[in-house]
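Please find the structures below.
Both of the next two complexes hold chain A, though its partner changes from chain B to chain C.
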Partner chain A sequence: MSTKTNPAEKQNSFLAFLGKHVYDIAAYAGLAVTLILFLIFGGKRLSYNAQTVLQTSAPTIIIALGAVFVYSMGYMDVSVGQQVGVYAILMIMIINAVGGVLGVILGFLAVLALALLCGAFNGAVAVWLKLPSIVTSLFLMFFFTGAQLLLMESTGTNSISVPTSLLRPANRSAYNLVLVLIIVAVTLAVTYFSRFTKLGKYTRGIGANETATAQSGVNTTKWKVIAYMAFGVCVAIGSYVMLMRTGSAGKGTGTGYAMDIMICLILGGMPLSGGMKSKVSSALVGTLTYVLLTNDLTTMGVDLNMINFVKAAIFIVIILITCRKHGGVLPR
Partner chain B sequence: MKQFTKSLVALMLVFVMALGCMSVASAEPKHAKIGVAFYQDTGYAVTATKAYLESLSDALNVEFVYAVLTQTDESANLSTIQNLISANVDGIICTMDLGTNSIIEECEMAGVYLAGYLCDYDTSYTQNYDRVFKSEYFLGTATDGQNPDDTTIGTTMFNSLLEYNARAEKPLTHVSMAIFPVWAFPSQMTGAQQFVEAVEEYNKTAETPITVDPLDEEVDVLMFSPMDTTYFAKHPGIEGIISFAAGTSFVYPVMVQAGVDKDIKLFTTGFEGGEENNFGTKGTQTFQQNMVSAVESVTYPLVLILNKINGVDFPDMPEAAERISTSQFCINSDEDLDVFVHSIYYTGNAADAMFTPDQVLNMTAFGNPDATYAGLRDILAHMTIEDIAK
Partner chain C sequence: MSNEVVIEVRNVVKNFGPTRALRGVDMKFYAGQIRGLVGENGSGKSTITSIISGMQKATSGEMFYHGQPWNPSTMVEAQEKGISMVLQEANTIPDCTVAENIFAGQFDEFSKFRIVNMKKVTEAAQKMLDDFGISHIKAADSINKYGFEDRKLIEIVRCVSDDTQVFVVDETTTALSLEGRNILYKLIHKMKDEGKSVIFISHDMDEILEQCTDLTVLRDGEIIGHLDRAEMDAPDAVQRIRYMMVGREIGEAYYREDYDTSHLPEVALELQDITFGPIEHFSLKLHKGEIIGFGGLSGCGMHEIGRAAFGLEKLAGGKVLRNGKEITNCYQAIKEGIGYISKNRDKEALILEAAIGENIVLPSLPALSHATFISPAAEKKMAKKEIDSFRIKCNNGKQWVNTLSGGNKQKVSFGKWTAKGSDVLIMDCPTRGVDIGVKQAMYALIGEMKKQGKAILLISEEMAELIGMADRIIVMKDFKVSGELERSPELSETDMIEYVI
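On to the complex of A and B.
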């Protein structure tokens, strides 16, 4: 016996599907449009622009991937930019002090340890003192701002550097390949932990309803700390990838990353309040859309000083589209 | 036969005209797109530079796109340069030496020429000379005044002080100084030492010697922010401040705040607007000297980039890129100020520029086969405040 659906039911189910996936559709449509514009306006420098997009987006993608765990819980971390700055400076100092590949390895390991410590601090203090996570990350932001200035003051210069040949392949194609491999590896790892382990399940649960999750027997304190530490790992990797790009760092390195991460995740369809609709793909889709948009506006001839205004306008439109209509708040 | 001759003459005329058109076309500069990355997006120098460049666009067949760099973030600066390259520029005029290693690598990859303006590129010069100055894509820079190897600003400041003392009822006998950090402007430290030496030499024979407070690392080195309010407590009894750093932005507001702007005279680099109300014999008479880099100095990087784009070099073009000192206007008196307010720097009007578009075209290797690199350097090194009136 076959069941037949009438056209009205079909239409209703289609509308229901649209309603359910409006954020995903908006996010992927945004990426598709920016990609099409990229191909149309890339012109004679299409290949160069593609490399630029890859190199610019790589550190942001990696950090945003880690941020998925934090944002899934409905939390955020505003200290990430200053952390990136300090980590880059520390890595350069250690590499210059130790020298060679050993210096690079030691520098990265030192930064990784510090990032894990900061992640644990961020998660634990917020829970133990019952503070909103943004408050502890604000503390870390001010702490790292001070540390960044002090470290640079100690060098007596505005910028310190290491040869990029120590950090990445000199050949551009090889460098781009390394970037792709790092992005793929981090994406696979984050996807695995998010979809197939308790970490992803519990962080989304905390974002959806922390009380219910706790009453289900989940140690939410522990998983919050682990989520922040996972974010820390990605911040350390992202800082290294950013350093690969310029080989230098200074007082302003990392500025704006916290806001960029938030914008990228929202553009990618991540609900700011976290919960079960949080997805790893938000980091990839959002960051690529954001970076491609900048490139598109540039190649389309928009005044470079006006690009931020255009991006702000597009951002607010997306927020309005994806905003939950009843409560007038961001989607959950 | 007559008809045939007429036809032949007509054909020859057409041929000659066509040849003429072709030769005119070949003399026409290639269309170029140049990115200009400023250190900030407002201010007299930025407005005037944009006006000057735009006035040259038709004669040199060039269009300009503008961007703003950060003073502290190499990665952001690299992104700005990448955006300019994505916008299909053929050359970039850059006003900051931050992240230059990666920027020059980017330019080399994209085949885009880079040259500097209002920047001595000292970090690159001292730490990465081979990587930056010997790159075929880095063409040189016009510094903001003197480059560190060619500093005379200390002597200029001393002469301005003497000139003031000669006309003042109460000459200044006790002054202090302010500079930007050495890593940013090494020439200012050199200038400060030069100033102290000039005063010491003067004091050997002077009836009324001048006292210069030694530089105090804590308060005299301005970190691109207003000077510390303890400056005046650290320098008790001063009658004048010699600010090698931009005094209008970072010294004068603190003087006003401390209520000493009527008692202490300020000699400073830069001109941000508003000084004219309190300059010389006007208003509070705080400002007694301002030094301003000639906006027309941007001609140096522009000409070098356009030469490359047009595939013609000066016969005496140096092998490695150079940094050249550029002219500074020294406003020492009411009369000087009256002249200065007619400069493009002050008016933002390209009609007030020292060079017309044709004159600039004449400085290029593709517009004038006799043009030389030495000639270009010479012209830009000898602009004086007297030339403004011409």
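On to the complex of A and C.
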């Protein structure tokens, strides 16, 4: 092959590049635009805004990172929000009952165990009953909604809390540093498992072609369960990080997380059908875009009531760009 | 017999990439005729009929329908103009009622103010089923209730009407029971008597000789000859037709040259009295260093045996044994060193929307994984080795499989298991669509594997391949073993076809 390329070929390869990376380009362009707007409109309150963005986005980023494994398979989970709510309430109850650092550790471990159990349930039941996994996660969503209400009824109040000093460093910058460290650690772990281990390769394989993956010796049932359990770990960590910020929980805690995570991943370029194009970066890029967007719209002075309409418009545009591909089916 | 030409094709050529499926075919189909088309797999029978019925377009050439130029763009258009075809593969819409299937696309006739009167649709459909003599099928039922055979009959009801002038039956009878066949035979003879033209494709020689009024033999995309009824009734007709079908000399060089059918004494894989689906009490011992070939027509059960040996079929009785362990699923099979090249390449053997490298290393990942870590360099090396040795035509291992040609895809599917180093290989049509040069390389590799003591189950629709490669050929027909042939220089396709058809 000759090394010379004529302009037409160059243009062709450029178009081919565009076509191949349409997800990434759309996702990164979205992040760049929201970031620029953020810098412009942040103005004097830039540093304060940045901290707010970090604190509000941390739980979503962590949970979205875990969700990468589930979405890679072309599956989804709508029970996350209610899970986060129940886990926060449980942690508060355990911390208040046991007290001190021991309470925090016990609370977290209890929640982690529960999250793993739910993950296993989500994965296994969907396979055994041959149901789309969204159905089992719907079941869990209702179950946890009930549990959340029941737990709150038992306390007799609308909201319970723990002093945040128990959960995080009192110093503001130390708190921010801890958040950054947790996000970095989870990102590294998820990236490692996604790129360099069987977990990532198998989950993407399941999303791309489950039959062929199974016939290559991958016990898809087992790996579905493992993927959901990995997600569970991130849900537990995310719940703790959320509690670090608020220190309290009530009947409505966690509502909306499941949808937020789905939106974030899609904004970040995750194909809804899963498969080989699923990437860990979708969680980071998408969540940052989403949180920055909300922040931008507020600082730009968009009426609070209008923000959701603007989000809806942006969301549909991104979907049109990324999902108008052959086989771009909705998650099961 | 009338001499009115219904369909005429002139110098029709069809190329699939470099493959020449039809090399300038001239043919006339007359009214009041049932013309049989016979030939080996890939001889162009289905290609010619699918062009006539609008399923695909010819690369070049002309067609005339009742003397007018004929260029159907879809099967629907062809059917509206009176040319209908039923295929070998299932073609019904699942989860709909029988009536909805029969009248799919024709609901306007039953609509008032754009609301479809489903009752009328169902009644009309039922009348068609009754007229056709299959009253046991109820129009209001979901099509899912009916098996493959009944669905085939429903398809026939759907595509044949009073306006049908040309009816193409493409290897449909293998899907039908005797009763279903008789219904179909009655239909085509009625159509013949009405002065319509029937084109009948089948591998069943008896059926062809009984039902057809004329016969055309195709080989390698060319017409070898026509026989009229008198010639078909000649005492040596069957031999003559078979010779016309397979007469080609095969370049011997690329198959195994030795006739050493010895193998090691150890059994590598055993099927012990297995029963599942239509297959009953099948037993087989595959030894180390042995190549057992399975031949027959596509629907004869040989593909199912391969699936069962890989643990993909749920057995109603019997066992699949490897190293003394029972294989009940494909995970175990792979763990015990069994590899399987599925015939259903795009759906089962490969992840199309993934890189070549990702596909090749997939079964080997557990071996590449050290304390959870899989080195990308090791993956790349493994993939590169297979890409080079099979000469997979690609830029690099990162290229997606769906960008490859069929033959190159097949090489990837083969490469998965050579990379894994499986000791037992079940190959279902491993050389499908592969060009001659690579075919030769694959055969050399299979021969090499035998010498290394690997056990191979070679399932193939190509008789030449089996005769050229296998130590022992098991021929199946209607889910039963119809014959067994030992490897020998004298063995010819004519010997084998006796058991196939």
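To be clear about the criterion, the second predicted complex is superposed on the first by the 322 of 332 C-alpha atoms of A that agree within 3 Å, B and C clash if a C-alpha of one lies under 4 Å from a C-alpha of the other, contacts with A are read in each partner's own complex, and residues count from 1 in each chain.
The criterion applied here is as follows: a residue touches a chain if its C-beta (ideal position, glycine included) is under 8 Å from a C-beta of that chain, and two chains touch if they have at least 3 such contacts.
None of the values given here were measured: they were computed from a predicted structure.
**Student:** Mind checking the superposed model to see whether chain B and chain C fit together on chain A or clash?
**Tutor:** Superposition result for chain B and chain C: fit.
**Student:** According to the stated criteria, A:V218 is in contact with first (chain B), second (chain C), both, or neither; which is it?
**Tutor:** After superposition on chain A, A:V218 lies in contact with chain C alone.
**Student:** State whether A:M242 touches chain B only (first), chain C only (second), both chains, or neither.
**Tutor:** A:M242: touches chain B, not chain C.
**Student:** In the superposed arrangement, which partner chain does A:S161 touch: chain B (first), chain C (second), both, or neither?
**Tutor:** first
**Student:** For A:G205, using the defined touch cut-off, is the partner it touches chain B, chain C, both, or neither? Pick first, second, both or neither.
**Tutor:** Touch partner of A:G205: chain C, not chain B.
**Student:** In the overlay of the two complexes, what angle sits at the CA centre of chain A between those of chain B and chain C, given in steps of 10 degrees?
**Tutor:** Reported to the nearest 10, the angle reads 140 degrees.
**Student:** I'd like to know which partner A:T287 touches here: chain B for first, chain C for second, both or neither.
**Tutor:** neither
**Student:** After the superposition on A, what does A:T136 contact: first (chain B), second (chain C), both or neither?
**Tutor:** In the superposition, A:T136 contacts neither chain B nor chain C.
**Student:** On chain A, which partner touches more residues: chain B or chain C?
**Tutor:** B
**Student:** Please give the nearest C-alpha separation between chain B and chain C in the three-chain superposition, to the whole Å.
**Tutor:** 37
**Student:** Touching chain C in the complex: which residues of chain A?
**Tutor:** Those residues of chain A that touch chain C are 193, 196-198, 201-202, 204-205, 208-209, 211-219, 275-277, 327.
**Student:** Considering the complex alone, what residue numbers of chain A touch chain B?
**Tutor:** Per the stated touch rule, the residues are 43-45, 48-49, 52, 55-56, 156-159, 161, 164, 172, 242, 245-256, 294-295, 298-299, 301, 303-305, 307.
**Student:** Could you list, by residue number, the parts of chain B that touch chain A in their complex?
**Tutor:** Residues 41, 65-68, 70-76, 78-80, 82-88, 98-99, 101-102, 105, 109-110, 123, 181-184 of chain B touch chain A in their complex.
**Student:** Could you pull out which chain C residues touch chain A in their complex?
**Tutor:** 310, 312, 330-331, 333-335, 340, 342, 347-355, 358, 362-363, 365-366, 369, 372-376, 416
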